[in-house]
Amino acid sequence: MNLKSLIAGAALSALATVAMADVKVGMITTLSGGGASLGIDVRDGFMLALKQSGRDDIEVIIEDDQRKPDVAVQIADRMIQAEDVDVLTGIIWSNLAMAVVPSATAQGKFYLSPNAGPSALAGKGCSPLYFNVAWQNDNLHEAAGAYANTAGYKNSFILAPNYPAGKDALTGYKRFFEGELAGEIYTKLGQTDYAAEIAQIRASGADSVFFFLPGGMGISFLKQYADSGVDIPLIGPAFSFDQGILQAVGDAALGVINTSQWSKDLDNPTNAAFVESFQAEYGRLPSLYASQGFDTANLLISAVEAADVSDTDAFRAALEAANFDSTRGKFRFNTNHHPIQDIYVREVVKEGDIYTNKVIGVAIEDRGDAYAAECQM
Amino acid sequence: MLTERRLNILVLALLLAVPLWAWIANEPFTITLATRAVIFAIAGVGLNLALGTGGLVSLGHAAFFGIGGYAMGILASHAQAYTAIFEWPVMLEGTKSMPIIWLVAILASALAALAIGALSLRTSGVYFIMITLAFGQMFYYFMISWPAYGGEDGLSIYVRNGFPGLNTLDPIQFFGLTFVILLLVLGLVTRLRASAFGLALGAARQNEARLRAVGIDPYRLYLLAFTLSGAITGLSGALFADLNRFVSPTMFSWHTSGEIIVFIILGGVGRLMGPVIGAALYVMLEHLLGGVSDYWQIYFGAILLAVVLFARGGLIGLLVGREVAHD
Amino acid sequence: MTFVLLAEQVLNGLQFGVMLFLMAAGLTLIFGVMGLINLAHGSLYMVGAFAAAATAAATGSFLLALAASLVAAAAAGALMELVVIRRLYGRDHLDQVLATFALILIFSEGTRWLFGSFPLYLDIPDALSGPVTLPFGIEYPRYRLAIIGIGLAVATALYLLITRTRIGIQIRAGEEDREMIAALGVDISRLYTLVFALGAALAGFAGALIGAIQSVQVGMGEPVLILAFVVIVIGGIGSVKGALVGSVLVGLTDTLGRALLPAVFGLFMEPSAATTVGASLASMAIYLLMAAVLILRPRGLYGSA
């Protein structure tokens, strides 16, 4: 098989010791095309944690899904059928996760999600073998709604792209926000010009704007918004403010409030060591995606230390214990295997030449998610 | 001397032999790859009917591929959830039976192709390429924003649909099923091309005026070819959805339309087996190049470019020469 | 909807249209003179934006960045023409679509290989940042006004180039009858390279102008490319005038569709459903427009036989 495989540690020496069964991990993530920067960060964070652990019994196979659901399914089939992996991980996008996760868990494989958290997998479609190490999709938007209340906003204008994650975002915000809505807009997915929307915001009389526009959409929106002279304060989830994107937005992002479960200045020893070692290893600051990849690998390592992966029940219990030091500080799993964690409020600042985020408060403490009650395992 | 006929038989034999070997050697993933190639081949054979025989360059066949896929997704998801698709005016239930799904996929995509074709065929040349692209994009944006069936997230079907007497979850059995369908489709297309309709269509591509002179309206010929072509591509969409047990609007994207054209060009335009060879080659390249580098699309682009520029007539043209009359 | 908001949206539509025109003009010129469909036109747009971002980062000058975008895109276009495109002139449209589709893959991944996967930074110059107040109290970004001005200036310059200069005469002659101008002793391969480079430079220029208010990233050319095709098909392929009319039509349809359709559906539907349905229809609006135009006029508004 001509595979791009990355062997972590020497498999031979592991065979010699025999003490521990090898764990084979299949990572399916986006490494080419438009969304590649997210996948690269998750991969780098994950591999950094493995390297630091010094373990030679965890083998990782990495494959590029090109952000195409059918390619992701094909790779998952190969990893399960031909490579016989024990654990799958790596998917960035909800639609790809929905394509891969249900059938992977149905075939008895563990799946650890380092990024996507669609509501279907948190509620009715939850699985004992599926663990989300990042967040349920609604979480950061809920936190933005909660923050808007404490900031005293009464009248929000909200917008997101017209696709399921966009609708979840606005639903999440509305779930916590107690004020009125000055307007609600769904934009075209992949839209790059927001002049029409900004004109409506200007005319709406809102006192705050909540937007969920990941990737390039957010860059375009922020630059155009800053230039439009509209000075209604913005709130958004961290996806439009991660380390990779901020440098492309520049001054236009300064001072904008965003919500995140992680930030590079979170004050705990694990995080400080992570930020420093990531920078040393890769020559750039980590993003929240990198932190999620790092946490996912450490969760996996903690379970491998506690149980044999072939003993499904014991391994699942070891994962449920979440006995690892998270870069977020507090971290535990809810009944539906999604995190219960604090979600922070951050502000975009400039440190020297680098644009980055600074924590200014906590939006919600110990937040689980709205779907856990529907999950019957 | 390698003739096109011998090559065709060789290719089909190889396409059958590789998965059989993989089955014996217990390499189920190779079977999955072969199945993917066969399904792409069916889509290509469908488009080739319009493009190769009729000269209609459609950059919107992703619409039919997607409609076929969603025929499967919608029927199976309702059967999976035990809900009716609609209860009025007649009770319509979902189904997990492949033959019924295929029938629906064929009818739905034929109907769409008839409507799109009727409008698009008023134009020709570049305008035709662009208007089919526009219809494809319309479907793409509609499916992304239509919330009922998952929007961009798509639909997951947990268990592959059933075919009487077969265990479709067994890779080799599902492969056999798709291979038989490919043979049937190839047989159908061969007969069509030899029929009065096929001959007239080929003549229309070469010289419309002459055809009009003998009293045949090329518009109706083209429309029939386009509709049949859409129906076959729709069927392959339903199979593709069943292979992945998943459908999403990506099936409707214009890249998909481009890829179906790529199968035809790689193999050889207008040749019966062109799309089959092209699809097999595409799946192999995608698989092998992906292992070489993260930037594998550069190499793929270069290969594609080289084929278009220097190997006119595709791989078949390269192997058996171009003198063969292929109409 | 108030008058001021409507006026602002019309301006937005106009600005969007003018930007599309910069893309579409090159595309339609290349088709008109050489009979070539160039899917890789969006890649030249991307080349312009990346060249501008890199130059701006190195020198801090927006004017230099704009110049760099023109030079880089024209050079990339000329190279593309010399190596690949000139082999495609005699071919059918299918080969052209495929070969330029391959060029998209090569350019996109090549750019990612050179510049990495992260978006680049390019900002508008200080002199053009912030809003200005227009008559009737309309507040409008200065930079967008500048884009409208630049676009109209380019349209005028193109018009003069085609109607008043020697090169223009050759271009028009080439559109009418290719054999004839070769017989008249015009170096046709040089003319073709020149026209292609001109179209490329326009696309690159558009990429740099727009890159300053959008995201400079790999793949940024594709959505614009498809829109530009819609524009030239509506206008009639090969007609620069058609491209201008088509651009403004598409710009207005898209912008006003996004602004008005949800409100229209809001009249008789509940708000959340209305925004969803309105947004869906708005995203399909330009394709509906194009289908309608082609059904009524199969050669576009200004297309010749």
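To keep things simple, chains are lettered A, B and C as they appear, and every chain counts its residues starting from 1.
Everything that follows uses one rule, which is that a residue touches a chain if its C-beta (ideal position, glycine included) is under 8 Å from a C-beta of that chain, and two chains touch if they have at least 3 such contacts.
Note that the coordinates shown come from a computational prediction; the quantities given were computed from them, not determined experimentally.
Visitor: Among all chains, whose Cα centre is located farthest from the one for chain B?
Guide: Following the centroid criterion, the farthest chain would be A.
Visitor: Any idea whether A-C or A-B has more C-beta pairs in contact?
Guide: So, comparing the two chain pairs, more contacts are at A-C.
Visitor: When the C-alpha atoms of chain B and chain C are each averaged to a single point, how far apart are the two points in Å?
Guide: Comparing mean C-alpha positions, chain C is 32 Å from chain B.
Visitor: Provide the C-alpha centroid distance between chain A and chain B, rounded to the nearest whole angstrom.
Guide: 36
Visitor: Which chain B residues reach two or more other chains?
Guide: Within chain B, the residues that touch at least two other chains are 141, 144-145, 147, 295-297.
Visitor: Would you give the residues of chain C that are in contact with at least 2 other chains, written as numbers and ranges?
Guide: Within chain C, the residues that touch at least two other chains are 108-109, 112, 276, 279-280, 283.
Visitor: Going by the touch rule set out above, which residues of chain A reach two or more other chains?
Guide: 32, 36, 162, 167, 186, 188-189
Visitor: Applying the document's contact rule, which stretches of chain B touch chain C when the two form their complex?
Guide: Chain B reaches chain C through residues 51, 57, 59, 119-120, 122-127, 129-131, 133-135, 137-138, 141-142, 144-147, 254, 258, 261-262, 265, 269, 295-298, 300-302, 304-305, 308-309, 312.
Visitor: Within their complex, state which residues of chain C touch chain B.
Guide: Touching chain B: residues 31, 37, 84, 87-88, 93-95, 97-99, 101-106, 108-110, 112-113, 226, 229-230, 233, 237, 276, 279-280, 283-284, 287-288, 290-291, 294-295, 298-300, 303 of chain C.
Visitor: Which residues of chain A touch chain C in their complex?
Guide: Chain A residues touching chain C: 32-34, 36-37, 40, 162, 167, 184-190, 192-193, 195-197, 199-200, 202-203, 215-217, 219-220, 223-224, 227-229, 244-245, 247-252.
Visitor: Quick check: in the complex, which residue numbers of chain A touch chain B?
Guide: 2-4, 31-32, 36, 63-64, 68-70, 73-74, 77-78, 81-82, 94-95, 98-99, 102-103, 106, 118, 120, 162-165, 167, 186, 188-189
Visitor: Which residues of chain B touch chain A in the complex?
Guide: Residues 27-30, 32-33, 36, 141, 144-145, 147, 150-154, 156, 158, 171, 240, 244-246, 248, 250-251, 287-288, 290-292, 294-297.
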